[in-house]
Every structure is written in C-alpha cells, then in structure tokens.
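What follows are several structures.
Each of the next two complexes has subunit A plus one other chain: subunit B in the first, subunit C in the second.
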Partner chain A sequence: MKKVTFYIIPLFLLSILVGCAETDILDRVGLTTLVGYDVGTEERMSTTVVVREVNPEFQSNVEVITTENETSKGNRMKANRKLSKKITIGQMRVVLFGEELAKDDLHSYLDSLLENPSVSNSLYLAVVEGETSVLLEHEYKNIDDIGQHIYRLMEQNIKYEHMISSTLHEIAHDFYMVGKDSAIPIIKKEGELVELTGVAIFNDGKMVSSLSLEDSFYVKLLRDNFKSGIFETILKEEDIPPNLIKGTSNEMPVAFDAIKSKRELKLVDATTPEFDFQLKLKARLLEIYPDVESGDPKVIERLEDAMVKNLTREISRVIAHCQNVQSDIFGFGEKYRSSVRNSNLSKEKLHDMYKDMKVNIKVEFEILRDGVFE
Partner chain B sequence: MKFKLPFNKKQTPIVIQATKENVEMIIPEENNFTQMIKDATHNPSDLIVKSIPPNLTLIYIKNLVNDQILNDHIITNLQNKIYETPETIKLSLSLPEVNISSQLEETVASLVNGSVLIYVEGYSPVVLANIPKRESRSLSAPENESQVIGAQVGFNESLSTNISLVRRNIVSPDLCNEEFKVGKRSNTSLSLIYMNGIASDEMVNTLRQRIKDLDVDALLDSAVLVEMIDDNSLSPFPQMLLTERPDRFCDGLLNGKLGVIVDGSSMAIVCPQSFIEFFESREDKNLRWQVATFVRLLRFTAIFLSIFLTPIYVGALTFHYEVIPQAFLVPLSESRALVPFPPVFEALLLEFIIELLREAGARLPTKIGQTIGIVGGIVIGTAAVQAGITSNILLIIVALSALASFTTPSYTMGNVIRLIRFPIIILAGFWGFFGIMLAFCFILIHLLRQTSLGAPYMAPFYPPRFQDMRDSLIRMPLPYTAKRPSNVRPADEDKFNPEPIKPEKS
Partner chain C sequence: MKNPIQLSAKDMINSYLLIFVIHSAQVGVGIHGFQRIVYQEAKQDAWISVLLAGLATHLIAFCMIKTLEIYGSNDLYGIHQDVFGIWFGNFLNVIYILYCSVAFFSVLRNYIEVIQTWIFPGLGTWFISASLLLVTIYAFTGGLRVIVGVSFFSIVLALWILPLLLIPLKFASVDSLLPILEANIGSILKGAKSMAFTIIGFEILQIIYPFVKDKENVKKHVHLGLLFTTAVYLIIMLVSLTYYSEGKLDKTIWATLTLFSFISFPFMERFEFVAVCFWMLIILPNLCLYLWAASRGASRVIKISGTKFVWIFSILIFIGTLIVQSRTQINSINTHFGNIAFYIIFVYPIILLLVAMLKKKYSSQKEQK
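Now for the complex of A and B:
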C-alpha cells in the first residue's frame, strides 16, 4: 500500500499540474523584436513596438504600434488591444531610447528590463537621435523588418569592432557599478537608411553628452582591447615629422586594420588621483595619402612616431571632454576603488573627483606590415 | 544480488519422488508392451510398430527418426538374423548412441526424443537406438544484425548447429557447455556456454541457478528466457544481449561473459551486458580505431537526437519561444502557421504514423514492405504537409529521429529508444524543457539502479572505471584495450600482453 501511494501521489500531481503551465505557442504569439521608448506627449511614456506576426495568408508581417501610458506594462496592454496575437517579448533583440528620454533618466527602464526573466540579457541598447517613433514608423523602401534590420546593423558593427558593445548585460553592469558610467551607441534615421552616428555618454542614468563616430574608436580603445579593428585618422601638420612628407599638403589621412591593442591602467597617485594609462597597438598599414616610402624602415619609424603623437592628442581630448561632462565611461573610478583601501566610493564622490583626475597617456604603436591587403 | 524472477516467487522445496516414478517396469510380453507404449504416448497416428520375425519388435515415431539410418543400420542389421538378448543387439548395432533400459518412463522419453525401441520377446529391458532427425535450415547471413566487414554467418534454429558454430570460432577445451532442460511440457534443451578460466564462477553459479529454478511449462524462444532470468523483468531496458551473430557471441565469451543458446531460437543470449555495450557493434572491432571511434560517436549522437530532438521541438514551440535562434524563427513559425494543432499533438501524430510504418514494414512480407516504405515516406509525408496537418520541419525531425533509432546495433534496445520517446514528448508538451529534464532524470536514475547479472548496468561510467572507458564511447587502439572489462569480474584480467610487438619504430 505504501508503495502504491508512493507512485500514485506523483502521478496525481502530474495530471493536475499540467493545467498550471502557461503555453506560448510560437505561431500564436506576436513576437516583439524591437521596442523604442520616448517621452510621451500626454502621459509619462510613449512606446513603439515592432511586432512580427505570422499569418497563414500573408506569410508574416511586421506591425509598428505606438502607444502612450504611465508604465511599460500598461503600454503592452494597450498594444495588445490593437493586435490579433498576444504580445510576447522573449524574442526582443533591440531596445531604443529617445534622446529626450535618455537625457531624463534610464534607470527605471533598465530595471524593468532586467527584472523580466523572458527578456534576454544579450539584447542591444541604443539611443536614437530625435524620437524613436519617427525612426520606426517610417516606411523604409528597402527595409522589410525594421526590428531585424536594426539588430543586424548593430550586431555586425559590434562584432567587427566598429562600435562599442552595448548589450543589456554590459550596460547594466556599468550602471550598477560604482566606478563607471555607461556609453551607448546613437542611431539616426538617414533618409531611407538607419545609421550609427556616435556614442551617447552618461552620467549615472542621464545622458550628458555625445561623442562623434570618429571618437567612438578612442572610447573603445580606452575601454576594451581590440582584436582586429579598423581605423582611419588624419595626421595633422604638427604630428608629421618634417622629412616624411613629399608633397605640399599639410594633412595625411591614414588607415589601419587588424589592430591589436592592449591596455594597462595604473593608479600612481591616490590623492589627486593620477593614473598611468599605457596602450600598446599593433596594426597593418592599409592606406596612406600622399604616398610615402613605406619600404624604408626609417620612414615607418617616423610614421609610428607620428601616430603616437596623434593618438596621444586625440585620446587626451576625448578624456578631457568626458571629464568636462562628468562621465567616467572608461572606468577610472573602478580602478581607483579597487586600488585604494576603504575608499567608500560612491557615484557622487567619483564625479567630484573625476573632474580633477590626471591621466598620463603612453602609447606604443607598431606597424606590422604594409602594402596591399585583402 | 537481486533475484526478481516472476515465475518462481513462491519457491517450494523440491520433493524427491524419483524412485516412486521409476519403478514402473516393462512387462516382458509383446502385446502388453506395445499397449503400454501406446497408452503412454496416447497412440499417435505416426507411431509405427513393426515386428521383425521371429522375436523382435521395433517401435518408433515416424517423423522423429532418421529414415535412412533406420533402413541402413537397424532394419538391415536385424532382419534375417536371430538375436537372443538385448545385449547382443546393442553390440551388433553400428550406431553411436544405443542404450538399454527397462524403465517405462525413460523409454517413452527416449522415444519422443527420436529413438527406436527394439523389443526382444521375453526380455524386460529394451534397446533404445537414438537416431533423431534434425530439421534445420541452412546457415545464412544474419538478417537483423548485418555488418559490412566481418563474418557473414548467423545462428539458425538448431542448438547443435549453433554450438558447432561457436566451437569452430573458439577451439579450446576450456569452452564449457552445460545442457539444461527447461519447460515441463516443451522440454526445451538449452546450453549454458562460458570460458572456464575467464568467466567468473560466481556469475556462472548465479545464471545456472536462475535457469534451474525456472518453473515454466514451455520455453519457445530465448527472448522469453531473457525476460524470465534477467535482473529486473519490469524494466523496459533489456539487461541481456540477444544476438544472432556467432562472432559477437564468441567475443562476449572471450571477454568473460556467459552465453545461453536455446534450441529452436536463432538468438543467443549474452550476459552480463552493460547499457553502453548495447550500442557497440562487433564491426567496431574490425575497423580501424579512428573510424570505429567516429562511428561509435555518431551512433551515440544519433541516440540522443532520437530521444530528445522531437521533445525539444515540442518544448521550444510550446513554451520556450525565447530560445529559438532568430534565423529559425521565421521558417519555423511560417511552416507552423497552417497547422491547427498544438505542437505536442502534431508531434505525437507524426511519431504515431512513423511507428505504424515501421510496424507495418516489419509484419508485411519483404516485397510489400518496400512498397509500404515508399507509400509511407513519400506519399503520407508530403500529403500531410500539404494538407497542413504537420509542419515540414517536424517531418524532418521525426524522420531523422526514426532513422537515428535504427542505428542501434541491438534491435531490442532500438525498440526501447523509440518507446521512451513518447512519454518524453508528452512531458515536453506539458511542461516544456522542465518536463524533458524530469524525464531525463527519471530515466537516468532508473538506469543507474539496474544491474545485469549483478554487474552495474551503467558501467564503466557509474561506477567510473577509466580503464574500461577506453573501449566504450570511443575505441582506443588495440594495445590500450588489453584488459577485459571489469564489470564481468573476469578470472583472468588480461586479454593479451599489451606491449607492442614492434617496440621501436624504425
């Protein structure tokens, strides 16, 4: 009898618990691929969702719906009233924030995204120049599914190291870490295309400034290690050694690829605080104009010196700009916190200190090869 | 060690009545004797009573004795000669197996076994000349366990042929052969075969006892015997291997396993057998180790695919749409868009159709079986997709898992693989991946609890035996697999000296 009950109870539970599981059958739900948040005109927030619905007749179609409500869940309910299928967010790949909203505060949005277990932590975040609804509701000529398109756009740019990575996981990490602020790519509607135009930098949850696309390379150089990036810069007159150049032009555009970088950050003085930032770069020379005698090792050496000067100046400029707007996107504060005992660092303390922070930049640049590649 | 034999749960001590039954003696009178035999055999129509004047009577069953030997050796010998006593007849017959008995029961038993009774008028003992006719088909290639490289001969239904096949493979006086009779009514003979000096005595004793303790009325096939003598008869997983390949059988014997051959059955039993060994084919030994390793890994992958692919489809589409990669999303949902059923019902329906096809193919004659394959595979498959009953991606998945289940070298194990898929599909339809995990844990725990003749079923992974793992999931080169598997507890652990023949590569 004991043995019988031992088997019967689980079987009984098995049969009655079946009803408890909520099903989300793939072809009976609307899959949200992208969500954009804006500041609402009448209510607190306005949400634009891109939903892919599968219908037997139309194969599949993409709906873009904008709703306004006080909360994001309220918006979902409102959007549900306009769709034939239940909205689910498990396949969401990109979350966009309007510029105005980003300048306000992103904290609560990130919180609600993180707290939802069906939201993937590897989705990409981006800030939209202007309003997200304008970007999403436009009928693009050649873009079929705007959600998928923006996802692919960001994915390939991040994968090939043209842009800093901004997955939800990384952004949340920076947000909740005491010694660091986050940076998120900016996208913009450019005629019939969507374009990455720069990097939004944040002070805590507020967007304070933005950096141009060219500067995003330096941001990435300071934050991460490159494995095989591509980079173009213009050597200015003061960088160029006098005997390198042949022609009359005073500017020299150069392009490198297969960049490998290694960074090392050291706290040398805790009181100021002062940091030593060492950067080692290796790259292939792809293009240079006007042409130089690239077979000559001395010329290459001079070119390397010129690049070191150029990089040092540009990096200092980017850091100075970030110090100016009090956004520590490079994680100097984190280095400080981990090196100084009992520092009791807080975001406020960090931003006070950050203004006067001194960074000594040392760059080593090595040209591995030159000539024709690819 | 467990003895869970459903047939002798109420074991009564065997009462010895031998002396009482054997006392029935033959009466030395011709008419009475014939009548006694007729009564004892219920006077069958094929019982021949032939008297040879002046004083001899031959009694035999027509369909059991070899006519040619009967004519050439017995009748010609006995005709026109006068024999006084059974002893002189016994001496004069040029046959290998001639006995004299005066007990009725022994005489009748010998008669139904293919003996000719030679009765001498006035004497109580009769001569029993055993000249049985053995009906057996010729040897042919094993149909259910074919392999490309290796011997192409399979067991047939005759016990003596099968034993001679084994003896031809292992020419050794250490090959032990013990014969038993099982079944009160069928009196089926079976042989327990093992290698003395390799097989563990304890296991031989265990198996011998299990066979002796059997109290059944008939035994018609070795598969039935397996179910009666294995450790857990209630488990769907077979714990003893059924094979029709003499080389696989001998390979087992030489590894220290025990073999049982049942008369009238073309499948021999090999035990103890661990779970992983059911997926190893004899052909793996004949191939180069790299190829053999690849084939084995392929087979294990196939089994995992076969069990879990359809449930994962069901689970992912019913509950976990989050895990579907983006590239799959559109094709999957578009192929599902027309299907009116939930995924679990769709999958069960298709699995049911595939099983129907398999069963129909197995039951039908070979020529029609091929037609069924074409009708089922092509016509039903495409029609089902076009009618919108199933999605074509599921059709691929189900066909793939059916195909994968047929790569199992043991047919009985392949059946189990196909069977356990159904509860997992249902659980996946109930609770998604949690259900699959529940089923997986349940099966794993069940497998871990099994034993085969007392040896752990999940060896060499549980308990871990790293030495034996060299020839399980993968097959290492021969010098590394010089030891016999430890779960058969071999008396002699080394198969051969593992040192290479060529120590230095020149």
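Now for the complex of A and C:
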C-alpha cells in the first residue's frame, strides 16, 4: 500500500500541474449574444455578430461586427481579428436569418448549429425581413444591447403565447421530421424599434411564404394548445347573426383573453387524405364594439356561434394558403405517417399529397365570462 | 469439483449489493448514444428492441446462475479450468481476460471522447486517461468491498438524474411512437442485438459469485438489478423517441446528452456539461469491476499479484488510449466489440451451461461406479 501511495502522489501532482484546461474568464472574453446570417455579396456567407464585452469597472459595451467568409467558423475568426477579446458562443441566445438566405436553404445552417456542442438547443431562431446586418447595425436610440433586446422580445412573446415558439430544438425537430415543415417568426426593424411581424413558412429548407401576425394566432391554434392566449378578430357581416346587435354595423371587432384551447387531429380517410380537426376553445370576453348585452345568455350564445363561423373560415383560409405554397407546418403528414402502416412517407410524397388534402374543421367556442363591468 | 474459492467472511459481500453491482456494471458509456443505433434498425419500435434485449439479459443471467450453482463456490475461471481442463480452460480464461480489458478500454476511450467533444476539446487524451486510471487503481487497491461501495454510491448519487428526464417530455409527442410494430420482427431483433454494447456488464456476476455471502438470494437480487437497468433504458428510449423527430434522432450521436442540453436552471445554464462530468461517477464502477475481473482471471492463470497486474494493465491501457485517436477508430472498436460481446455474453453462457451439466452428469455416474 505504501508503495502504491509512493507512485500515486507524484502522478497526482503531475496531473494537477499540467492538467489545466483552457479557461474562459469573463472579462477576457466577448460573449456573442446574437448571430445574424445573410447571403454574402462576395463570399458565400455574411455574418453579423453582436458581442457583449463585459467590463468589471465600466459599463459593458456591445459591438456589432459584420464579416464575410465561406463558413461560419471562418467568420468567427475574422470577427476575432477585430476585437480585443476572444469570442465565445456559449451565451448565444438568438440566431437570425436574412430573408434571402431563408429563401435559399437553411439546412446547412441548422446542421452547423446542432453540431456545435457549445450552442444551446434552447436558443431562438427568427427570420429577418430584409437583411440582418441592416437590422443589427442600426444605432437604436433606446436600445443598448440589441442582442439582449431581441432575445427578451422573443422570449416574452413566446412565453405569453403571442408567437409560435421557435427554439432551435423545435425548429430542428420539424426540419428533420418527414411529416412536418417548419415555421419561424419574422422580425423587422420598424423605425427605432424591432418588431415581430409574422411567421415565415417553409417547404423543407426553403422559406416559401409568410403569414401575417394576425394569422400567427391560427398557426399556433393549429399546432399547439393554448394555455392562456389573447386574440382579437373582426367579425364580418356574414358571421354576425341578425339579432345579435341592434344598430346597423357590418363589422364587429372583438377581443378575448385567457384562451384555453385543445386540439385533436384525426385521419378519417387515408386515400385522399382527409382529416378531422377538432378544436375546443374557452375564453374570456374582453372587448366588443358595439356593445352587446353580455349578461344575456342568448346573446352570448349567438356571439359564440359567430366566433365559430369566424374561426372556421379563418383557419380554412390559413390552411389553404399553406397548401398553396406546399408547406405542411401543421404536421398533417406526421399524423398520416403515424396512422397509416408502412406509409414510407418522404417530404416529396408528403407535399404531393398535401395539395389535395382535405380538412374538416370543427370548432367549439365557449365564452366563460367577461370582465368586472357589464 | 476442483479448486473452489475459499474466502473468509470479511472478504464477502451481502447479496443485496448485487443489485448495485449489476446495475452499475451495465450502465456506462453506452447509455449516451444507444438510441440512434437501435433506432436505425427498428425505427419507432426501438423501445420493443430495448425490452427484448432486457429480457435476454434475464434469460442469460438465469443460465449463468445455474452454471455457477453447479459448482457451489467458484468463478468462471475455475469453471473453465474444471470443465475444459487446464490448457483449454486457461485459453478461454485468457480470452475472457482480454474481453474484460477491451471492455475497460472501450468504456474509458468513449468517455474521453465525450469529454473532448462536449467540454474540453483542447484537453489531452493522455491527461484524462491518466487521471481516470489513477482513480481506478486507487479504488482497485482497496479491494472488492471498496469497489462494491463505489458501485453503490455511483447509483445512489446518480438517482437524481432520472427525474430530470421529465423536463424534455414537454416537447414529447406520442404520435412519434405510432404505428406500433411497423418494423418487421427481423429489424426489431437486429435492434435488440445492437443493444449488446450498451447492456453488457452483468457478466461480472460470473466472477463475483463466490464472494457473495448468502448465495440462495443471488437470483432474486441479480434479476432485480437487471430489471432496474432495463427500466432505465426503456424510459430513456421512450423519452428520446418522443422528444426527437425521426431525422434528428438518426443524426444525434449522443442522444441522451443532447436530451439534457435543453434542461437549464436559473443558476446553471447548460445542464449537460454537469451531466458529462458527473458521468465519471457512473463509469467508475464499470472501470473498477472490469479491472477487478481481469485481475482475478490473471491471478488464476498465472500467479501474479494484484498490484503488479494493475500496473501492467494500466500502462497497456494508457498506451492504447493514446493510439486510438479518431472518432472513426472508436466507432469501429465499439461495433466490433459489440459484436464479439454479443457472442461472449449472450451465446457462450448457454453453451457453458450445457457442457457443465453434461460434465456433472458424467462425473456423478463415475463416482457411483
């Protein structure tokens, strides 16, 4: 035993002395909080990085650097040459893609993000209307750290269910799923602010179209369950039952919150294919113009009917639009694959089938309550 | 029956500890990425393959215990010598020692690869290898009871990882598991076979058996240990199948670790980094038990002392980890080793049981005459 200790102690000491791994000390590294990819003008890829340099004595400063190279690692090296601190990517929270790039193909970009172990699976992805470098390089009056700002912007909107969730895991999940296509939020520079403006929809790796911000509610309704959403719509003339309101008004804006939704998708016919989509919503009436007698159960019932009509029409419209551009962001294909034995589904086969797919929408809408003042 | 092992009570262990020994010997580096390998064969029915592989371990453990019971208090090496004679028996023993060494090597090298890929790409192989070997030697010199203690703590201290698997479930979709039994039986069985590399380890039973105090309870505890392992693998497989989409699982090398990468706490951004480091505790019993098994064998084939053997062994393994550098080499070692292990662990014990039973019958007849 003594002999063993005699050998082990020097070996142990030796390993302590030489076993120091590379360190990343906070005030000597630049934390990349956001990366934006664009199509380069001369080389394949142009990246804009937002780097936060933490300074223990002064305020941290934020650098925005745009470089061009063939690969993203090459860009990182180029950006490194312009900074006094080593760039690290462990704190990266958001990755943005320029519109042009998204229309080309995102597969290789997602692959390289997934491949790198220091990239977290929970970072957010978004498509930028226009170019990312324009969005990021602008000196905003009230925004100190554009990287942190966009992250917070996306985080709160996704958390409170105003926008579909777009973490790297979820997007990659859909990209690599045969029976589903991806949908990613779109952001845009709007004067001195950054704004979420809609949803980009993809066919495999290519962005094929976009949906407006209003439609993103229906997308989320079709893809996930709401726990406490908020929603505003305009009831059109054809939705409104004749005896709901007194005056003559052909449009009726309504707003709901505390929306709980439950979705159920069923394949009823595998040859067409035909799906039954059932949606159950519960909500609180928040605003309505012109005012109705919301204490009257009959009025509420009529209003519910009007909402069902409205939702059915809008949902069908959104699905039809996605069918038009051949993007199955709702996962109908996945339902088909999991219901039909030996379907051998592929993306091509899915998109072929998807065009002629039929969906029967059945909505149930229930108004639980309104506010504290009738 | 020749050369049974005589031990004093203070060298022996209670049979309930076998639950920990068996489980900790099975769970090691394979658990990091077995999903993809099984998935490539059996698709969404991979969980059935895991279940079948688990069943097979119970069956083989049953055969092993039967063989050991014939001999009362002897290990695989002694049984070999008795059944096949000194020369051929020792030849088999050498093969078994080599098997243990390769198993040791493969666990060590795979773990180093994980560390280098996930956390410290710049850290030298030799450094991690040397420090892990030192720890292993340290535990080994403490004797079997210390090794069993390491197994015990490695499980008890790692139990908290299991509930964390609930977190990825918020992205789970049950549709990914459907339709059930779409893969044909052949692919499911192939998937089960590819589990071999992940699920082996319980063969340690054949070496540790003489050291168990209450042998009548061995059966119960071994099967409990195996059941626990199968349950853990099954849970991880189900979580992975529902969390990943088909294409993503196919491409994720260490699906279990990537599963952890979504988990973050306010005080800890990336949980998988902790998991990778913590895994050292989980592979430590693996290393210790294989080293111990090899050294037991060596001491029976050639009279070599444990200390001497452990140094020679460690130096050889150390050199080995330096030679094998790239991922492709490691992967090919894993595949070949998995295939060989399948025959050594899942086929050979049945043959051995038959031969041992024949021999017993034959020798008892001779005694009667």
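Everything below uses one rule, namely that the second predicted complex is superposed on the first by the 350 of 374 C-alpha atoms of A that agree within 3 Å, B and C clash if a C-alpha of one lies under 4 Å from a C-alpha of the other, contacts with A are read in each partner's own complex, and residues count from 1 in each chain.
The rule is simple: a residue touches a chain if its C-beta (ideal position, glycine included) is under 8 Å from a C-beta of that chain, and two chains touch if they have at least 3 such contacts.
In this text the structure is predicted, and so the values were computed from the model without any measurement.
Asker: With the two complexes superposed on chain A, say which partner A:I25 touches: subunit B (first), subunit C (second), both, or neither.
Answerer: In the superposed model, A:I25 contacts subunit B only, not subunit C.
Asker: Could you say whether A:P253 touches subunit B, subunit C, both of them, or neither, answering first, second, both or neither?
Answerer: After superposition on chain A, A:P253 lies in contact with neither partner.
Asker: State whether A:G130 touches subunit B only (first), subunit C only (second), both chains, or neither.
Answerer: Neither partner.
Asker: In the superposed arrangement, does A:G90 touch subunit B (first), subunit C (second), both or neither?
Answerer: A:G90 contacts both subunit B and subunit C.
Asker: Touch test for A:P290: subunit B only (first), subunit C only (second), both, or neither?
Answerer: Neither partner.
Asker: Of the two partner chains, subunit B (first) and subunit C (second), which one does A:L11 touch, if any: first, second, both, or neither?
Answerer: It touches subunit C, and subunit B stays clear.
Asker: Let me test your reading of the model: by the given contact rule, A:S120 touches which partner, first (subunit B), second (subunit C), both or neither?
Answerer: A:S120 sits against subunit B and subunit C alike.
Asker: Decide which partner touches more residues of subunit A, taking subunit B and subunit C as the two options.
Answerer: Counting residues of subunit A touched by each partner, the higher count goes to C.
Asker: What residues on subunit A does subunit C touch that subunit B touches too?
Answerer: Overlap of subunit B and subunit C footprints on subunit A: residues 18, 21, 90-91, 120.
Asker: Help me check something: in the complex, which residues belonging to subunit B touch subunit A?
Answerer: Residues in contact with subunit A: 316-319, 321-322, 324, 326, 329-330, 332-334, 336-339, 342-343, 430-432.
Asker: Report the residues of subunit A in contact with subunit B in the complex, numbered from low to high.
Answerer: It comes out as residues 14, 17-18, 21, 23-27, 29, 31, 52, 54-56, 59-60, 88, 90-91, 93, 118, 120, 148, 151.
Asker: Note which residues of subunit C are touching subunit A in the complex, please.
Answerer: 117-120, 122-123, 127, 130-131, 134, 137-138, 141, 171, 173, 175-179, 182, 244-248, 250-252, 258, 261-262, 264, 269-270, 307
Asker: So in the complex, the part of subunit A that touches subunit C is made up of which residues?
Answerer: Answer in residue numbers: 1, 3-4, 8, 11-12, 15, 18-19, 21-22, 90-91, 114, 117, 120-122, 167, 169-170, 172-178, 180, 334-335, 338-342.
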